[in-house]
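Consider the two complexes below, in which chain A is the common component and chain B and chain C are the respective partners.
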Partner chain A sequence: MKANLRLYVLLIRASVRGAMQYKFNFIGSAFVSALVQFSEFLMVALVLVRFGSVDGWSWYEVGYLCGVMTLARALYRSFASDVHYLEKYLVSGDLDPLLLRPVPLLLALMTQNVRLLVGDLAQGALLVAVCLRELLASGQADWTAIPLTLLAIVSGAVLLFAIGLATAACGFWLTRIEALQNMSEDAARSAAQYPLTLYPRWMRTLLLVALPVGLVSYVPALYIVRGEYGAWLLVAAAGAAAVFLLLALRLWTLGVSRYQSTGS
Partner chain B sequence: MITVNRLCKTFRIPVAREGRFAALRSLLSGEQRLKEAVRDISFTIGRGEFVGYIGPNGAGKSTTIKMLTGILHPTSGSVDIGGLSPQLHRQRVVRRLGVVFGQRSQLWWDLPVRDSYDILAAMYRLEERAARLRLGELSELLGLGEFLDTPVRKLSLGQRMRADLAAALLHDPDVLFLDEPTIGLDVAAKRSIRGFLHTLNRDLGTTILLTTHDMDDIERLCSRVMVINHGQLGYDGTIAELRERIGLPTVARVTFRAGCAVPSAAEAAGLPFVIVERAPGALTLAWNRRELTALEMLRIVSAWGEADDVHMEEPAFEDVIHRVY
Partner chain C sequence: MLFTVLAKKAYARNLQYRASHLLHNVVSLVFGFIYIRIWAGLGEGSPLGEYGSQGMVAYIAFNQCLLWVTMFITNGLGLEQSVRTGQIALDLLRPAHLFYQAMSREWGQIAYQFLYKSLPIYILYFFMFSLRLPDNGLVFLWTAVAVAFAAYLSICIQYLIGLAALWTIESRWFFWLNYALGMLLAGFFIPLSWVPGWLRALSFCSPYPYLLYVPTRQYMGLDGPGALLGAAGWACALTALGFFATRLARRKLEVQGG
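The block that comes next holds the complex of A and B.
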């Protein structure tokens, strides 16, 4: 485990060094990604400005939801990098050389083409900081909200990683998975940036149980900034993240054994 | 060292429809065709052998290699390398293997060659001193010195192949798999790689399995050939045996000092060789060397006139292989 961690760091560094050869692209992609994230938040902000609140959630509360989601996603994408782009490897057969190395395939994939989502991270952090400060100042939340938020972000990142990994693993059967990713990753995540009470019951169930992106920011926020239910919400969210990760890893292992490669 | 037992691999390929709305119908039908890429292959390779694995395009060579290296999981049958299955213990098996795919580099594309070796050394948990020593040796044998600090993407094909070979050998593997290592290389580069592989096998005892379409590679390097066609093993043995079994004729052109008395067609029919061409003062003959030695042939021919010169041609290995395919 420790050796793998060292290797992970080494490979990440190699990957970054490689990317640095194309400096413009490296900086540019970080910038563009942040811009896309920001425009997504802008959509939410517009809705808020128009209506003042969403289903009883104030500006700052919804901002908090968005910020936690952005941070969780940026963490997942920074650490797991090319897992999201497995399709490219499946279509070209580029997975072969990775399988020839004496390291877990997932580790090899996680360290390919590392993108540092500095822009996303900074923007998410800023949003969470601004919203939390306001919520603290108004007395709606106390200082424990800060460590609990960090916990929620980490467990959220693990959950998003698990969902991304399971989706990618489907690629071993389907090869092309872009559409599936749009549904399970992008659409689901965008939906979970709003309070889930906004949606009909079936969709709420979907986003909490089957594709539990609601556990990334909505469920933790219920307790952390609104004080509803109890601290067990956070434990449940973290537990669900762990369970989903285990299931996703199972599916991944099964998928790798079904890998078909390409003609010579 | 390597034991392969009744190995099979079947791929499922979606069937593409033809005619009206072909794309839509292909999408909806979900019909699949089974392609048996490898059918019931078994063989054993001992330590220190240099085996050529040949066959036409699409015969199943690469599929076999991918199963031997743990990339693909067989549909049925098993592979055993040094006592372990590459499918069940991929990481442990891969640690003892070196693999070179001629068509695909395993180096870090954007980094200097040297950096790739540093990363690989860490991956295989090599001791720093040992790794440096080993790299020094390989660098000398393969002449890597001139481009160690060049990014991989800027190397010529010949340089890249040498760099890839060194990368596959850095951890001193027991077994080396080579999938078309000389593809696209010029004569000089081919020769230097062949020389290196020969040294590696003879002096260091590395077991090597080589697939290639270059019959020169096979003839110069391999002590044993396996021929695969349509996913099945067609031949497994030495090159000499293969030549013998196919029995292509040896061809000789005999020139006479002062013309010759060529036998009539009726007489020629009883001879142990065939007269392929008759020219004034020269004859071209074809026969099987197993039935008649060259000296015996010459003795018969001398009776027709005084032989001046003999030019003999053994059948090209490529022609022999063509017969097997």
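The block that comes next holds the complex of A and C.
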């Protein structure tokens, strides 16, 4: 475990060093990625500015939901980089050389083409900071909200990673997983950036149990910024993240054992 | 005619992947559903101005379907890959203009996406949210014109993005930038009449409103056909820009790959 961790840090550094050889590309992609996220948020923000609240959630509360989600996603994508792009490896057969390496496959994938999503991280952090500041100032939340938010972000990142990993693992059977990823990662995440009470009951259950993106920002926010239920919500979210990660890892191991290389 | 041959080929190629595209439709349907639910939530606390609660549902539903003929067309019309593989040199050698070739192919793609994506998704929304059809036949005519312009403008924009690859090799960023800016400035999620004045002014200085906002308002019978003049103007301007860029590209051509 310790050796793997050391290897992981070493490989990440090498990957970043490699990317930095194309500095302009590196900076540009970070910038554009942040801009895409920002304009997505701006659409929502404009609506909220105009109408004040969604389903009883204020501008700052929804901003908080979006911010936590952005940060969790940015962490997941930064630290597990090419897991999301497994399809590319499966289709081209580029997975074979990775399998030959004397490192675990997952570790190898996680350290390929690392992109630190600096722009996304900065934007998410700014959004959470602005919203939390307002919520603290109005007395709606107290200072414990800060460490709890950090906990929610980390556990959210783990959960998003678990979902991403499980979806990627399906690729060992399906090969083409882009549409599946659109569903389990993008659509689900977009839905969970808003109060889940907007959706019909079946969809809410889906987003909390089967594809639990609701546990990334919505459930922690219920306690942290709205003081509903109790602190156990956070424990439950973190516990679910751990369980889902274990399940995803098992699926991944099973998937790898079924791997068939492409022809030609 | 070259146009029909290329368009038909692109259409036929897509037809092979019908089953796989069905999954895209489901994803798109879900995305639209999420946006519609958000507006329904907003509509509970506010009358939502000139659109009304049901009108906003119709607005989002129509926009979501329009995406498949405007925003979700081929990245850079496939020119980026041609630059990478060197195929672009052969395409430029052909006795037809590069823009004409790329455009013809893309019309086939758009026809396919319209029939197999936009329409089925709209029909489903139609029944899911009890949408209304326009009661005036002329509205259909002007909407068709507006959608055709929207598709053509998208082709022009993607052509310019694709050509940029001759200078930058990688034009994926431009694609994403166009996507992000486009969604915002085209009034995808919020009608442009409701955004702050500066943003509205900015968006009407760009061709983006003609991709989603204007066609949707035509369909909803909120604007007369006069609103399409702007689209025609932009179509001329972007076509001229495309020709100019092709001219520069001919001199810039470097053959990559191998």
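Rule of thumb we're sticking to: the second predicted complex is superposed on the first by the 263 of 264 C-alpha atoms of A that agree within 3 Å, B and C clash if a C-alpha of one lies under 4 Å from a C-alpha of the other, contacts with A are read in each partner's own complex, and residues count from 1 in each chain.
Note that in this section a contact is a pair of C-beta atoms (placed from the backbone, for glycine too) under 8 Å apart; a residue touches a chain by one contact, two chains touch by 3 or more.
Not measured: the values here are computed from a predicted model.
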First, second, both or neither for A:29, with chain B first and chain C second: second
Contacts of A:250 with chain B and chain C, given as first, second, both or neither: neither
Touching partner for A:133 - first (chain B), second (chain C), both, neither: neither
Chain B versus chain C as contact partner of A:19, first or second or both or neither: first
Partner with the higher number of touched chain A residues, chain C or chain B: C
Residues of chain A contacting chain B in one complex and chain C in the other: none
Chain A partner contacts - residues on chain C that touch it in the complex: 20, 23-24, 26-27, 30-31, 34, 37-38, 40-42, 44-46, 170, 173, 176-177, 179-181, 183-184, 188-190, 194-196, 199
Partner chain B, residues of chain A touching it in the complex: 3, 6-7, 10-11, 14, 17-19, 21-22, 93-97, 99-104, 257-261, 263-264
Sites on chain B touched by chain A in the complex: 11, 57-58, 61-62, 66, 69-73, 87, 90-92, 94-95, 97, 99, 101, 103-106, 108-111, 115, 119, 122-125, 151, 179-180
Footprint of chain C on chain A - complex, ascending: 25, 28-29, 32-33, 35-36, 38-40, 42-44, 46-47, 49-55, 176, 179-180, 182-183, 186-187, 190-191, 194-195, 197-200
